[in-house]
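So, here's a batch of structures to check.
The following pair of complexes shares a single chain, chain A, combined with chain B in the former and chain C in the latter.
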Partner chain A sequence: MAEQSVTMAPGTGGRRTEWLAPLARRAEGVVLPVAALIAGFALFALFLLMLGKSPVDFYELVYKAGFGTAFSWQNTLSRAAPLLFAALCVALPARLGLVVIGGEGAIVLGGTATGALGVCLAGTPGVVGLPLMALGGALTGALWIGAVGALRHYRGVNETIASLLMAYIGIALMNFLVEGPLRDPASLNKPSTAPLPRSLQVGDIPGMDVHWGLIVALVCCVLTWVLIERTSWGFAARIAGGNVRAAQVQGLPVGRLIVGFTALGGAFAGLAGFYEVAAVQGSANASLAAGYGYTGILIAFLARQNPLAIIPVAILLAGFEASSGLVQRRMDLPDATILVLKAVVFVVILVSDTLYGRFRLFSPERWRTR
Partner chain B sequence: MTAALHAKTPAPGGALAVETVGMTMRFGGFTALDDVSIRIAPGTLHALLGENGAGKSTLVKCMMGFYHASSGQLMVAGREAPVADPRQAHALGLGMVYQHFTLVPSLTAAENLVISREDAPRVIDWRRETAALEEFMARMPFRVPLGQPVSALAAGEKQKLEILKQLYLGRRFLILDEPTSVLTPDEADEVLGHVKALCSAGEITVLMITHKFREVTAFADDVSVLRRGRLVGQGRVADLSHARMAAMMMGEATLPAPAARHGTPGEVVLAVEGAVAPDRSGLKEISVDDLKVRAGEIVGIAGISGNGQMEFMEMLTGQRALISGGMQVNGTPYHATRGEQRRLAIRTLPEEPLRNACAPRMSVAENIAFRSFDAKGAGGKGAPSSFWLNRRQMRKRGEALVAGFKVRTTSVDAPIAALSGGNVQRAVLARELSGDVDLLIISNPCFGLDFAAVSEIRTRIMAARNAGTAVLLMSEDLDEILELSDRVLVMSEGRIVYEVPAAEADIPTLGSHMGGHHMGGHA
Partner chain C sequence: MPHKILSRRAFLRTSAGLAGATALGTLPMAARAAGKLTVGFIYVGAKDDYGYNQSHAEGAAAVKKIPGVTVVEEEKVPETVDVTKTMESMINFDGATLLFPTSFGYFDPFILGLAPKYKDVRFEHCGGLWTPKDPKNVGSYFGYIDMAVYLNGVCAGHATKSKKIGFVAAKPIPQVLENINCFLLGARSVDPTITCQVIFTGEWSMPVKEAEATNALCDAGCDVITAHVDGPKVVMQTAAGRGAFICGYHADQSALAPEKYLTGAEWNWPKVYTGFVEEVLAGKEIPNFVRGGFKEGFVKMSPLGSANSDAARKQFEDVKAKIMTGDFVVFKGPLKDNKGNTVIPAGVSQPETDVALEKMNYLVEGVVGTTS
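And now, the complex of A and B:
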């Protein structure tokens, strides 16, 4: 080729804005979701105005009830734990280009398995029983969502539909088990498994009214980030997610990657179920299907499937959940109001996804040589 | 909406004069087109030449309204014609035929034509439309069968249909972006012959992007040459030699001398025995009875595309499960796993790298690291695997290979999809050809490359052979096969039907086997 055929390597330019180039693309990943979130709030404010309520009051109440006091923070944080796990169950498969939205199924089944194991292990000390229960919950979730990945890879079944339908099956299965074979005869109004003995319950973080699940969930987020950003497995998953054919030509074990990542996501969702039973409810029952799995989808999309970004987003959404009861009662709003807010935000987020790369401001070239 | 469009449509009939004035296109700080002014006289076939990344595709995308030029205008029939989007370009009578096909394979030719109309009625009166189509076809200098599904048409027929579609839509200025890259030389000659006749008849004006000088000399009237976004030469084809055009494209650069072949083939490296797999349609089988590639040997597989080369490549890369038979490398069974590929130093490059060998949204450096990201060091032969990713090293290696293979990109962090077609090919070649390679399986390696890059890549392949690499080369370009191979095989209808030492090969015999006229047929 031409001798003077110069490659445009970085550093060719003399502009002082050069150092901004690598920041530009990152900034896009923060600014766009935040803008979308604000746009979602604004749209929801219009909705409130239509109902004749004051948006200012609404957001102020949400703030107070979710983040205003130490008490509300604890309330928020204990809801954040399952949300963090549920969001990881979306973000991990997303690395492979899979949209898995059925984490709810893995949560309820993981919780049911925990409850059932608790019955079998009654009498064992916590150091033995709790890890076994956690393992049981995680494995159940891993099998459930791993099956979605396997169906996708080996049978070509759409993972989004499969996981969603399997979530309904999972909930039905949980209801069948806690109302039938696993039911504690003493649970009259609300069919449940037998209450866990004290020794098999997860305690609180010292000095807080928040269970240990929060710490574990935060650690899992960090470890997941390390896995997908800093290890060759995560990179291999990105290749497979970016182009399956290229991954196959490179000899990468695409099937194992898909099943492995979906199963790991499922294991996290199963852990959410474990903590709901072992730390919050004390037994497995229909309250497990509280919609954490679905909120997790919203969180993962808002966080652009980045496990570290999931942390603040999950805490924000947990604050909404924590405040919803109070806000709806105080302002005399229908029960589904927070759901409407979540839906509006979700739609705006999806729309904002089409805007990436549209703004010159965020193009690294914009800040390079001229 | 439609009424407004129609109002702007110039009176039908007659080739258009089109001119770009000071067309400039910047992507951020990078200038892909710099003040390009080209006048294309009505009724001429104008060739646009330029090395990879010169800005050819960018120029025509600006003309068609896919990109908004940073400055400069488009003039159509002597009047300024702003094109904000492709619909406006269409309304002006401008149309484009792409390198890849845009027809709907499951629909018939007739259906494809009718649905492509912007004013296609909601409810289509097929009897009337068919009559109108037949009347239209009767006026055309060449035709294609209207009633067959497009998937049943050969590549040449499809390309003819693409051009007919443009004429049917009333386009009077056609842009062809590497229109013959999917065709055999005979098909290319036929299609371009028809295009040229339409130009001479004053029906259309054509701007054609190509890398093939032969086509320029045989069919074009005028030529313009781009280099790094600038117009660096223009002239009448009759006045220009190939050497002159090449010099305009490359500036002062000189071509590397073609690599000499030395050394003789050694041990068998790749052996394919009785390998059978279903083809794409699932109705027929690809069956390779006995194929051996030795160290220090290039085995070329010639054939018209669609005769099983793609499937065979997938069999070799482990993407297509075998029904029976198997493959061996160095005498042991081979399944194309990553471990085997690294231990045995096997590299593969399928055709259409952006679709088959890249993750388009990942960066250039990341795509270049596909072979080495999970190994210590540069991921050479038998390198120990590494769990942790070394991002700094990945970037450094990316920069070194980008420089070494002269990949033109704004930065190694740019997504690989933003590179020009030829530069994607170079980036992937940089990945697959670096380090020790014992077996290289490669398909159409020079697809879409400019002539200088072609000669450089062929030199690298020959150098690998001389160093003892076993090379299996599949190509639709007979010249390439004959230049590089030690042995030539012909693949037709999913089978190897002919084999000859390259020194004894002659084009007519190869051609007739490629076309399926081999003696005795196959079982």
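And now, the complex of A and C:
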């Protein structure tokens, strides 16, 4: 969009507000979701009033527990790391018009691969072992979600259904491996792979209680944005996402794009699994299926599949989750309260999608000529 | 310009009021400080699941009644970084100094990882195996509920007509295997031809699979069903709906189907938790490794249901009395597993206190099912 308006600008010049024209569309992409978010909060406030609880208290608590203190920030950020990766697994295929909702499977299997590799690599120094484990986790995730892309392109299988069903298969496979061939006999009442040696564990960012996965996830978000917005690959993917036939007529390698983008998304989800095992759990076990993959879907949609927007949205959602405990304890509300808030916000954001292009205020024409 | 002069009386009145307000304002704080102890309870599932989490929440409710104790609770906390942050949040925001994270998976690495950072906080974990190399401010406690399951088996043995009883189990881990074995051994004390069919759902809480498993057991002819999953509600309702008798687990499920409910193996956390908290209030230390059975009040039975025969009631009471004296042993040789291997040689007996039982990896002869 930006490219078009830039090329058109010299021809139509004259109006003073000309410079606003390219910004208008971008503003729409920010103002509408933010307005929807606020509307969602307001709706949820009504829900709280119906329960006889104070919305002011509620939002104050959410702020305090999610963002109010240094501890709150660390709490929020340590929850954000896997969510960032999980959201990328949705946002990347979305550029091709694919709705992949099975990132959970790639996270779980990426984590399992990490745990298994950790057992094989015990004794190797961290500089060698950790990158290999990360690679293993990412490759496993890439294969899992890449397979969804391949099924879509070569066999015409619906990627949404396939990825969701494969997530269940992935979780079952993880349970089988962790309780069977990969089980550490010493893990009595919680079947797990053998614990990773200290040298093969990922530490915390100095001075913080948050592991390095957060930094890597942030870098991945930025790199993905560059890939999508600033490379010919990203451009081709957007064309294919807009109209597959047109892309094929142009001679774009649609198949390779689909498999490549889904696989890359899966690799990010696999990395989330890697950090869950190497930085949080210390071994692969059933706790890997913690639902990060599903929260990732919500984040990617709220961020309108923009990898940079994923960052603030993931942090916001992580803050919600961080506050859910305090909300339970102080306001005597059930755990599901935060889930309701997330659902309300999600629905409102989806509804707000129908409003794009409805406001003259955001139309580039409005600022060019009248 | 009008100038208001503050009279001495007004000044006194105002300052007295201010002082009063300040005192009032600090009162809740003072009360909280005088309340000496804030206790945090953390559950992996819902507090009202008719099962594991409810049994602990009942314990928390009893602790709430102790004067001067504040209780904070959080449910549905996954066994991930979430539980670490919940514990820290209770410590930082609520001032909790005694924590009961009740799910098995919270222990390693989360409690063991956090305890060294908060040396003044006591972490009490249910089900873990604390060893002397673990932090000193961590403790683990558990109950010999397998004895209560044995009593379930006695009632089941008397009630079954088909001589087949069924067990819906979550995962083939030692605690679960021990309960399955006890259920069958209890039933076999009535009639040695009884067999027990087990179905593992693979998950601690998966109501759909639990219902499927229960139906499958009923289809296979099992006429007494019990379960070891986090919330046995679905199993109990489904089985009773199919006409089978039921034995409860974790908490009292008799309300779900009183006419089919034989009895149930229940935790007695109210007694255990109030005991722990009173010890802490008295300035004493809770031992790091605590185990207890019927005698210590860690476990109890649901009241016997109306469906039990007189013979069942008599044997139930006899065995229970023997367990209370502490010299009743379920696992003694010769004992074979269901593959024909001898797991306990003749002459060896493993009383409930034997830590070896916490590493059980077999199903006894007569159990239809496999551990893997």
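Just so it is clear, the second predicted complex is superposed on the first by the 357 of 370 C-alpha atoms of A that agree within 3 Å, B and C clash if a C-alpha of one lies under 4 Å from a C-alpha of the other, contacts with A are read in each partner's own complex, and residues count from 1 in each chain.
Rule of thumb we're sticking to: a residue touches a chain if its C-beta (ideal position, glycine included) is under 8 Å from a C-beta of that chain, and two chains touch if they have at least 3 such contacts.
As the structure is a computational prediction, the values presented were derived from the model and not from experiment.
In the superposition on chain A, no contact is made by A:354 with either chain B or chain C. In the superposition on chain A, A:329 makes contact with chain C only, while chain B stays out of contact range. Between chain B and chain C, it is B that contacts the larger number of residues in chain A. In the overlay built on the shared chain, the residue A:245 is in contact with chain B alone; chain C does not reach it.
When both complexes are overlaid on chain A, the residue A:363 reaches chain B alone and has no touch with chain C. Put simply, chain A touches chain B in their complex at residues 1-5, 7-10, 13, 15, 21-22, 25, 229-236, 238-239, 241-243, 245-246, 248-253, 360, 363-370. Interface residues of chain B facing chain A in the complex, by the touch rule stated above, are 27-30, 51, 250-254, 317-319, 336-341, 348, 350, 355-362, 366, 369-371, 373-374, 385-389, 391, 399, 402-403, 406-414, 452-453, 456. Only residues 46, 72-82, 85-86, 88-90, 92-94, 104-105, 108-109, 127, 129, 171-175, 202, 358-359, 372 of chain C touch chain A when the two sit together in their complex.
Those residues of chain A that touch chain C in the shared complex are 64-65, 69, 71, 75, 78-79, 172, 175, 179-180, 188-191, 276, 280-282, 285-287, 290-291, 321-322, 325-326, 328-329, 334-335.
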